[in-house]
Amino acid sequence: MRPTADELMTVTAARALAGHVSCFVGIGLPSTAANLARRVHNPDLSLIYESGAIGARPSRLPLSIGDGELAETADAVVSVPEVFNYWLQPGRIDVGFLGAAQLDRFANLNTTFVGGTYQRPTVRLPGSGGAPEIAASCREVFVMVRHSRRAFVAEVDFVTSAGHGTGPGFRAAWGLRGAGPVLVVTDLGVLEPDPVTRELTLTRVHPGVPVADVRAATGWDLRVAPDLGTTEPPTSQELSVLRRLTEGSSP
Amino acid sequence: MRPTADELMTVTAARALAGHVSCFVGIGLPSTAANLARRVHNPDLSLIYESGAIGARPSRLPLSIGDGELAETADAVVSVPEVFNYWLQPGRIDVGFLGAAQLDRFANLNTTFVGGTYQRPTVRLPGSGGAPEIAASCREVFVMVRHSRRAFVAEVDFVTSAGHGTGPGFRAAWGLRGAGPVLVVTDLGVLEPDPVTRELTLTRVHPGVPVADVRAATGWDLRVAPDLGTTEPPTSQELSVLRRLTEGSSP
Amino acid sequence: MAELVDLAGGIAELVRDGDTVALEGFTHLIPSAAALEVLRQRRRDLTLVRMTPDLVHDQLIGAGCARRLVFSWGGNPGVGSLHRLRDAVENGWPAPLEIEEHSHAGMANRYVAGASGLPFAVLRGYQGTGLGAHTDTVATVTCPFTGENLAAVAALRPDVTVIHAQRADRRGNVQLWGLVGVQKEAVLAATRSLVTVEEIVDELEPRPDAVVLPSWVVTAVAVVPGGARPSYAQGYYERDNDAYRAWDAVSRSRERFTDWLAEVS
Amino acid sequence: MAELVDLAGGIAELVRDGDTVALEGFTHLIPSAAALEVLRQRRRDLTLVRMTPDLVHDQLIGAGCARRLVFSWGGNPGVGSLHRLRDAVENGWPAPLEIEEHSHAGMANRYVAGASGLPFAVLRGYQGTGLGAHTDTVATVTCPFTGENLAAVAALRPDVTVIHAQRADRRGNVQLWGLVGVQKEAVLAATRSLVTVEEIVDELEPRPDAVVLPSWVVTAVAVVPGGARPSYAQGYYERDNDAYRAWDAVSRSRERFTDWLAEVS
């Protein structure tokens, strides 16, 4: 029952949701992690989907953020404008969960395009969705991205969602009221912003992952915390719940 | 089966709702008139109450704008902010129905105070409620006020809701997009704004009402239309439906 | 998560002297019992906020609990005046009352701004009327795209909002239905909130036209059956129109009101 | 009052070359059949508006119906890219596509402003991001009370909005429920509207979480059972996830897409 890289990421992220009240969930790995957390680490966690489901309790993983079961199991179903205006914007939600195609050393996120220019991109990505305001307004932001030099770049091609911008003071200057990305979970380890410089720093590696591998998969000169830790391996309960959860779902 | 003065007013106002799609209804005589219209003159008329009932079909007259039957019989029940923002403000509603303690020759309405000053009034009235924006945004406004020199004054003590302001051009200058008061129904007759000067002009009297009586009950030198008409007396159907409607309700 | 409290304890804990207190309910589900408890606990110096202050505000004002009233329509619906409110404004009895007056559209949008974490809201309102000159929470903004001038109103952020609802479940999730007014916005705009409910149920059965406030945006829930009387709670009891009419006579004279006050205190 | 029409007639009447057309549906009740009918009728030069353009927009863009896309997230939900959208943006095939890009919060508020008869909406958004520089319907407004700077977004006012709903009654009142997205706002913001429905019923039974659009704010209703497929209509049929996955292969190559287009046209 050896965990896959995605399982390691998901369990690590799910654990970080312990003690939180509410979580704004995007689809994919963040949704898996949040649903795992609700089953194992935090049964009272309220899951909020931008499609309007507040306090959703899906029995299986939704393929899209709008699966019918989200509405059927939610404490409340509200319109999309209401989700953003009454729930996200005021900063009521503890944790926002984001992914990205690219992120830089200050955890600025790009989901807009890669290569070329905005007008004529090499690869056009889906775009903003809810991410810019999730990154701005949630009390904290967790990011889940698979570690590679393509994703962890020195400079993102476009800032879709602001992380720590250009460093200290950036968020306050722009009126970004949440703490921004406080945790980046990858398939190799965990990065957190340095309390002073706001630069992402490797604070934990997953069991058996050499620091050199993480550096090699990062497109900038990655700083490593002096007290670098190691992730606790997933427990058999975590893994079995996770596998039951993802079993029926695909791709 | 002789009509009372209030019945004459109510029937006259109800008839004016023929051909309209939607009506924003305040409580009291306007509500009676609108409900009479839905029964006799315009069965498809959609009644909108500021309490959030859209398309209400009450079986009896509500005492307050928030009686439970309004919600139970409505096509849709929405929040109070939604009534004002999505329904009233864009100018979707044909007719707004207002009363007032005072109105002047330009049909500016006062429901704020009478005598003294705003800070220390002689008689403090309930205030604005929905009236200022009903007067601004409905395509047309109907006003129902019992005729007296106390109500029909040369100058209102306070402009709670703008009618035609100071005359031609006022509404456009203030960005008031509806036509404003186009009809003032009293227990003596009907006044309409002059197409050019916007000053309220007596265009009809109720049967048997001498023009001198209307002038005597008006606090300014009332203009009378050259082709002054006479209201058609209520039909027996109108009166019997109206009396069934008001029977159970009081005071 | 919302804490389950008794009414007296909840008011003692959540409503403090000098607070800005929204007691909301638009002609339905008026938090009458909670308001009376505020009066009984002799809170002072309150800024009372409500779109439609009615009997409960007449009582609080007459009892001298309020320093200021923020409102858009103050009357006894279907009956007439609020005589205690009038006496305070017209004669300063029992104490002068500052007023901050808006239209319904303005007040509703002030709550929306508060609930949305914005400092102001934009509307088409107040044009050509007298209110703007007396109310400093109304201003003008210009559309950056069209150049049009529109009204701006300052957000409302009560220290505490008190509402009445039909039900809560054991986890403290609150459900109300029928005419839901501006209660959701008033709770979401406030720092703290107290919801009195007709009953606690195991499970909130979904209902048409229902608003649900998740437990984690509510501070406390108190079970107060009949807590909206003489207003009504749809599905539980009807509006007691006679009580609204009877209040007119009680409130008309300072003497009768003072007797009433002695009785309930 | 809404007119009862057939789909082809409704599209012919209400969607015109050069129009700004909102086809809305947030992951549920997507007006797929109506969109395909627009494609079949070979509308040209459209400005397509949607928070979440998906398969139907990929089809319309690939078919050359669109001049401009106004959106906030363009992907195949749970699957990946919209290849026709990408091909248009990356390579100008079959024609260049202008884009006007926002965040979800911005787009939702643009519809709210449109539905509210306001020229703009205010939000906390876009701060520190790259979008503002590329999108001229984002600007800054200053709060007249606090001096804070906030984002303003221009109102959306589509010429026509097309949505799919579960039901209408014989008078043309429309009811939808489940995840209701931004459909009410999109209809209320538009000059004209067409609603396709699963069925016409005698009476709209009130339901939890339902939105009702009264007949007098809807231009036309067309009965199109299954009109949301491969999206879903809660209470009627489920999302066909395989169809979303299958589209990926069809849309990946211009050749396979062109074959698909020939088949459906």
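Read from first to last, the chains carry the letters A, B, C and D; within each, the first residue is number 1.
We adopt the following convention: contacts are C-beta pairs under 8 Å (C-beta built on N, C-alpha and C of every residue); 3 or more make two chains touch, one makes a residue touch a chain.
Not measured: the values here are computed from a predicted model.
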Shared chain contacts [chain A and chain D, defined touch]: C
A-C or B-C - the one linked by more C-beta pairs in contact: B-C
Distance from the mean Cα position of chain C to that of chain B, given in whole angstrom: 28
Chain C and chain D: spacing of chain centres that average the CA atoms, whole Å: 38
Residues of chain A engaged with two or more neighbouring chains: 85, 89, 137
Sequence positions of chain C contacting 2 or more other chains: 112, 117-118, 123-124, 148, 184-185, 209, 211
Topology of the chain contact graph, where touching chains are joined (line, ring, star, complete, other): other
Interchain pairs in contact, sorted by label: A-C, A-D, B-C, B-D, C-D
Chain C-touching residues of chain B, taken from the complex the two chains share: 27-28, 50-53, 63-68, 70-72, 77, 79-81, 84-85, 88-89, 112, 116, 118, 120-133, 136-137, 158-162, 165, 170-171, 174-177, 251
Residue ranges of chain D in contact with chain C within the complex: 117-124, 137, 139-141, 143-146, 148, 150, 152, 154, 206-210
For the chain A and chain C complex, residues of the former touching the latter: 21-22, 44, 46, 54-55, 75-76, 85-86, 89-92, 137
Touch list for chain C against partner chain B, complex: 26-28, 51-52, 71-75, 77-79, 81-82, 85-86, 89-90, 101-105, 108-109, 111-112, 123-131, 134, 148-149, 178-182, 184-185, 209, 211, 232, 234, 238-239, 241, 244-245
Footprint of chain A on chain C - complex, ascending: 1, 112, 115-118, 171, 173, 184-185, 188, 204, 211-214, 216-217
